[in-house]
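Consider the two complexes below, in which chain A is the common component and chain B and chain C are the respective partners.
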Partner chain A sequence: MRNEQQEIEAYFIPDTIQLTSFTTRELESKQGKLILKYPVLSGEDIQCITETIKANQKNYLDKLQTTEVIDLVDAAVQKWLDPDYHWRQLAETWLPVITGYDAEMIRLELKRFLRTFRKKELLRFLVEEFDDPAVLDDFRPRKKGGLSKAYGPDLILHFFSGNVPGLPVWNLVMGLLVKSGQLGKTSSSEPLLPVLFAKSLEEVDPELAKTLAVLPWKGGEDQLEHPAIQAAEAVVAYGSSESVENIRKGVPAHKRFLSYGHKISFAMVGKEALTLDLCRESVHSLAEDVSVYDQQGCVSPQIIYVEQGGSVSPREFAQLLANEMDHYNRKKPRGPLLESEALAIQSFRSQHEFQIESSVYGHPDDTSWTVVYHPEPDFEPSPLNRTVHVFSCTHLEQVYPKLSSYRQYLQTAGVAVGPDRLFKLSEDLGKAGVSRVCAVGKMAQAPSGWHHDGQFNLLNLIRWTDIETSAEQHAEQYDEDSE
Partner chain B sequence: MRQQTKQMIEQLLSFIIYRGSTGKDFQELALTLFSYQFEHNLPYKKYCQKRRKTPLTVKHWQEIPAMPIQAFKELPLACESTRTPEAVFLTSGTTNAEKRGQNIHPALAVWDGSMMTAFKQFVLPEQQTAAIYVLSPAEDLNQHSSLSRYLTNAVKHFGTEDSRFFFKEKGLDMEALTTALKVKESRREPVLLMGASSAYVHFIDYCTERDLTFHLAEGSRIFDTGGFKRQSRELSREELYESFSRVFDVGPNSFINMYGMTELSSQIYEVTAQSPRFEKVNPDWVKTLVLDPETLRPVKAGEVGVLAHYDLANWNSCMAVLTEDMGFETENGFVLLGRVEGSEARGCSIAVDELMRANGK
Partner chain C sequence: MDLKGKITLVTGASRGIGAEIAKAFGEEGAFVIVNYLQNEAKAATVVDHIENQGGESTAMQADVTDEQSVQDMVAKIVDSFGAIDVIVNNALPSYTFNPKKRKAAWDMKWEDYQKQIEGSIGGAFNVCKAVMPYMKEQNGGRMINLLTNLIDLPLVPYHDYTTAKAGLLGYSRNLAVDLGPFGITVNCVAPGLTYPTDSSLETKEDVREEIARLTPMGKVASPEDITGSVLFFASDWASFITGQCIHVDGGLVMK
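After this line comes the complex of A and B, so read on.
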């Protein structure tokens, strides 16, 4: 690799606007040095940027057909699917340094993730939520009479998450599909990728890119957030319940506010999956589900319920999982932790080591992975960073009462059960608050068009205008040429 | 009590009280105590064996496995089992009232010896006695508190006749304390105030509300201990010292902070007149290691890590105790940075703290 110094903006704004004041952050690695250039922003800057974006949305993006937008996004995504694409190479080099995640893991997951934004996936995504996606372009007839058209917000303000690289790309694509101007505030833990994606869009269509801005600032800075919220028609926020709540307080009630708070996911393995030959696959899959992005995604399991009565006992399952976690860690080592995170794992291990019931399996020299086995089912979160509970249960059904206090937090359940149980199990999980049931091994890869946290994605962003039959008929009266 | 235990206690007492010790003595005694605890404290033995540490493989005191403080909550850690221990000290249980850590003391001779020797050295180096006013409960009000034992010992062995406890069944008698301090002030007699940091905060608030200040006589000392444990509003050490100066009109060299844990049998001191700011100093029979939280191996000198204390006076449970406090080593001791709260997770995966709060735990 080249050993050189490179400078890149950690922001993206319409190219007609000039910012004047900057600070820098330097990153160093074996590949050289990267200087990230951060703007020093004022409330007036935000006002100017949002006004420009809104004007460009009105004069350009709003006039595009949805299919044209899809083609443009697809063209940008196709660039990213080329391993030699310069922004992809930059991301693959520097995201591991910025986030601490293993480079190989980032390379693989980023590729997998971006593939879900190709033309065919985007079309499917639209059809998933709109019977007739053309409602985004024009008034379309409704089955029971009248016509309707869907309008996206003229400006969406995003508060991006920083845990999983690439996630903000998903937010930007959603905004584009509903033809919204967008301002995204990046998280300090991952300020780069949304900027690079905006640059790709600029390469594909400079006019389109003028409807976007990606800016870094410290969450809670009122003098920036207030004008941004004032200008936006919709606000989309990711973060802990506390930070989401703080943003919500600043958003007037008449504005659309979508939030994605912290969630918890778990897995269930039925006894039918615990035969000697089938079990290996589940263990392998779950080790990956737990380890991907060091468990920072809300889709990663923190708890695995394993049913008794199979050829492999829950305790043996925990031991096999520990082995597999170790393998994964050798191939794709966990990123470095903050002292507090490492201490949380040490403390978690000691707490369970001294409880007579539970057994702790962990890397002997450091905290890189931990499996805690419990003989009775319960519901307890883990301190993350590749630490997971395995609870033994006589029947998977035994688990439901344990979930009840956590309803608002439940998200994905990864399952390994037979077809005869899948529906009943999913029905019960749905009642308990779970929004997504998927196969073990697929927990970290939500498909495009999923009901994120049990909600619609595009439908929640848009507003409708209906032309009722009465207006249609009444209009006929004024047709001078009518017989 | 077995003969071996009696001998162990003898050795420890003579080391603590008669000192003249060298580093070599600590090493020898630490290894002897480790063998003793490995032999008689079964849960600790298992913990060591799991880490492949036995008296045969451990050659230096630093290699002795430090027992995490959680173990004091979950397991009975004792070398000498007795139905009638002289004391059982319990942790305050502020984080989890159902599970309080305990340290069992079949006999308190070593505990008392450690307390008094260090007290003399750090708190009263130049005098035999002092007028002590105590803001926290005495032993008779709280038999399971090591702090109460400590305060009662202090008054019993080092207090002049006019020393008093101001914490009664109904709580801290602030009026009585105010009157007593005013008397001391008018007579220009120095006083040694002692109590938990949180008790001071309540008294400082009381004084501030009433616009009360004192001008304590030269030689007065303010001794506080412990954090706030959600029992009062939280102040930084700077803020606390600043409030002391403001309310009691005492100089920056009048402060003594004692760092003690139920899980230990000795105390560690920060004496502003003796050491650089915020440096905590161990008595000779206690050593502190700073460990990398990731590997639990010692960090390079001066780096931040989690603290493990090796306290020879802690003969019945485990002399080596792994805390959850962060700090770094200094020339004569260490600086305590305090307990690390679970930091907000980077991700959208919900963190333990948030979920526990949600569930009202």
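After this line comes the complex of A and C, so read on.
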């Protein structure tokens, strides 16, 4: 692969369809040159693709047992867990160039992420939401009589996120588990990985891959999005609040619409975690949570509340965090920024340097990391790209009133507190709108089967058909052999 | 080596090894605070020397065994110059190194030890303690403590002096553990007999000759010989070194 020119399609469609018009985007790095081939799409193309997918879903995927689907996904994921797998190598080489993220960080995080899609995780994922996952295959008896079956949408239209590489794989896997045909629109910031994963599925089972399409287009192109939405039974949208809202406007009310918009995460460190022997671990973990994928994931904390009264003061915590942020940046440097992003960090720094009560710790030569210490708790999002607030508080409980106006945006709270406080704290965080409480250091690694943004994943996609007891009993009287 | 603009405090810098260290920092472009206890005139000479060489320096009086006086000095440094990057704990309580007149173990009093511990460890403690909040706030700093190779090879057992210096080594290593996460390094330099200095004036020719004979490099140290290792610990070259002790004694102690 080194020092060569390579061309790859930045799209995936059932192999029975031919597209005719293309543009290219060239990427260069010291590994050589990659030419990404983009299709120029029309509304008719979308119509043709969605019809084909739906037919293939009906004729093939719908007839597979869920356990068979799991085995196929597992086989594709197993390929990705081999470091020598050709698509993994391609992804590890070119995703850093496409996204700007540090290569080593991508290598590590991608591997960690894909491990959450092995067979055992997929089985657990299903059980998490279905008492009896066989309802996806057949009518299954209910405890109080009658039978029920769950149907996935015949076609899901995804608007993939581009901030965290790999995330679209999660969407594709969810769709497969409910046996849906899928069309995914990639984000221009990460158009590659979903395509490669589709290719892996094709290697495992060409028929299965014919129920998938991954296509790039510029968000908001009505002539493509309109027919795509028309064809889909469900729409799943990731993106900024604004772009999610725009998509929502185009989706008729009778269609299922799931959205994952802008979220903010934060961490809380209790005084019991601020002992000299334990504190460094929390600091290390949180530096990682803040830095991973340059804080672009909604699970990365933008704010850390640190309680007073431990051996290490909140200010010292901020100072220690600054050093750990620097260490992480040496290992895995932050990606390049747009001028506007760098300016946002610079003005963020100077704004707080002017405030006499706050202290700014930052890389002396550039914007690669920033920690701002505040002596009083508040809630203030950061400009991201490895910038974080540390708020001192007398008690963690002091923080709740500060959260109230951000209720709709709250997502993950990473916590370092003793067992006696965990339940009460989680109860209060839940009331405040937080959907996920996890350990510090694990914020960026949501387990498969989590309630993403506080919702079900598969259950929200499917619809139910019940055979009621009456129908069951009534049918009996028409049994010709009935006595 | 780039020590340009590094705000550096050298304690006990009006004479001897301290003065040489101050001058060496001045030559490397650091801003040197020449701390002294009594000898204002000699401190001024060191400052003049640095300035004549094109460097920047100022003298500040403070008794390192007096906590308040040290805190005031450090606050003044940060107030005036905006930072404190390097401290060199070189000051030591007055002591005469005379092999013939030294006290034997059975003549030692607990007060003798106390005085040295107070001066050596106490003095370094006051300075380190005073600069800690500033260095933490800066996300970094260098602390360098002067010891003696007598800790490892007590050719002449100056009980109180050497015991206190050994304590300072232990103090430094422990400090290195707690301050490392803040980006602050703590290291030590252990010179062998250094001549001429006011302290070593009474170490006569015969002893100096004997030590030189045992030393692989064939001579005792002069004050200028000590400076390189101190500059090294202050430099970027030593950015990942902490809790260490370099012997600067021509190879007399090897470990």
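Methods note: the second predicted complex is superposed on the first by the 482 of 483 C-alpha atoms of A that agree within 3 Å, B and C clash if a C-alpha of one lies under 4 Å from a C-alpha of the other, contacts with A are read in each partner's own complex, and residues count from 1 in each chain.
Keep this in mind: a residue touches a chain if its C-beta (ideal position, glycine included) is under 8 Å from a C-beta of that chain, and two chains touch if they have at least 3 such contacts.
Since the model is a prediction, treat every value here as computed from it, not as a measurement.
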**Request:** Return first, second, both or neither, reflecting whether A:D326 touches chain B, chain C, both chains, or no partner chain.
**Result:** second
**Prompt:** Is A:S382 contacted by the first partner chain B, the second partner chain C, both or neither?
**Reply:** first
**Message:** With both complexes overlaid on chain A, does A:S161 touch chain B (first), chain C (second), both or neither?
**Reply:** first
**Prompt:** Of the two partner chains, chain B (first) and chain C (second), which one does A:Y406 touch, if any: first, second, both, or neither?
**Reply:** first
**Prompt:** Just chain B (first), just chain C (second), both, or neither: which does A:D428 touch?
**Reply:** neither
**Asked** Of the two partner chains, chain B (first) and chain C (second), which one does A:L337 touch, if any: first, second, both, or neither?
**Response** first
**Item:** Touched partner set for A:E128, first chain B, second chain C, both or neither
**Value:** neither
**Request:** For A:S359, decide between first (touching chain B), second (touching chain C), both and neither.
**Result:** second
**Message:** Once the two complexes are aligned on chain A, which partner has more residues of chain A within touching range, chain B or chain C?
**Reply:** B
**Prompt:** In the superposed arrangement, which partner chain does A:Q351 touch: chain B (first), chain C (second), both, or neither?
**Reply:** first
**Prompt:** Contact residues on chain A for chain C in the complex?
**Reply:** 276, 280, 283, 316, 319-320, 322-324, 326, 359, 361
**Request:** Would you mind writing out the residues of chain C in touch with chain A in their complex?
**Result:** 136-137, 139, 178, 181-183
**Of all residues in chain B, those that touch chain A in their complex** = 43, 47, 68, 70-71, 73-75, 292-296, 304-306, 322, 324, 326, 340-352, 354-355, 358-359
**Request:** Using the touch definition up top, name the residues of chain A that touch chain B in the complex.
**Result:** 161-164, 189, 238-242, 260-265, 293, 295-298, 300, 302, 337-344, 346-347, 350-351, 353-356, 365-367, 381-384, 405-406, 408-409
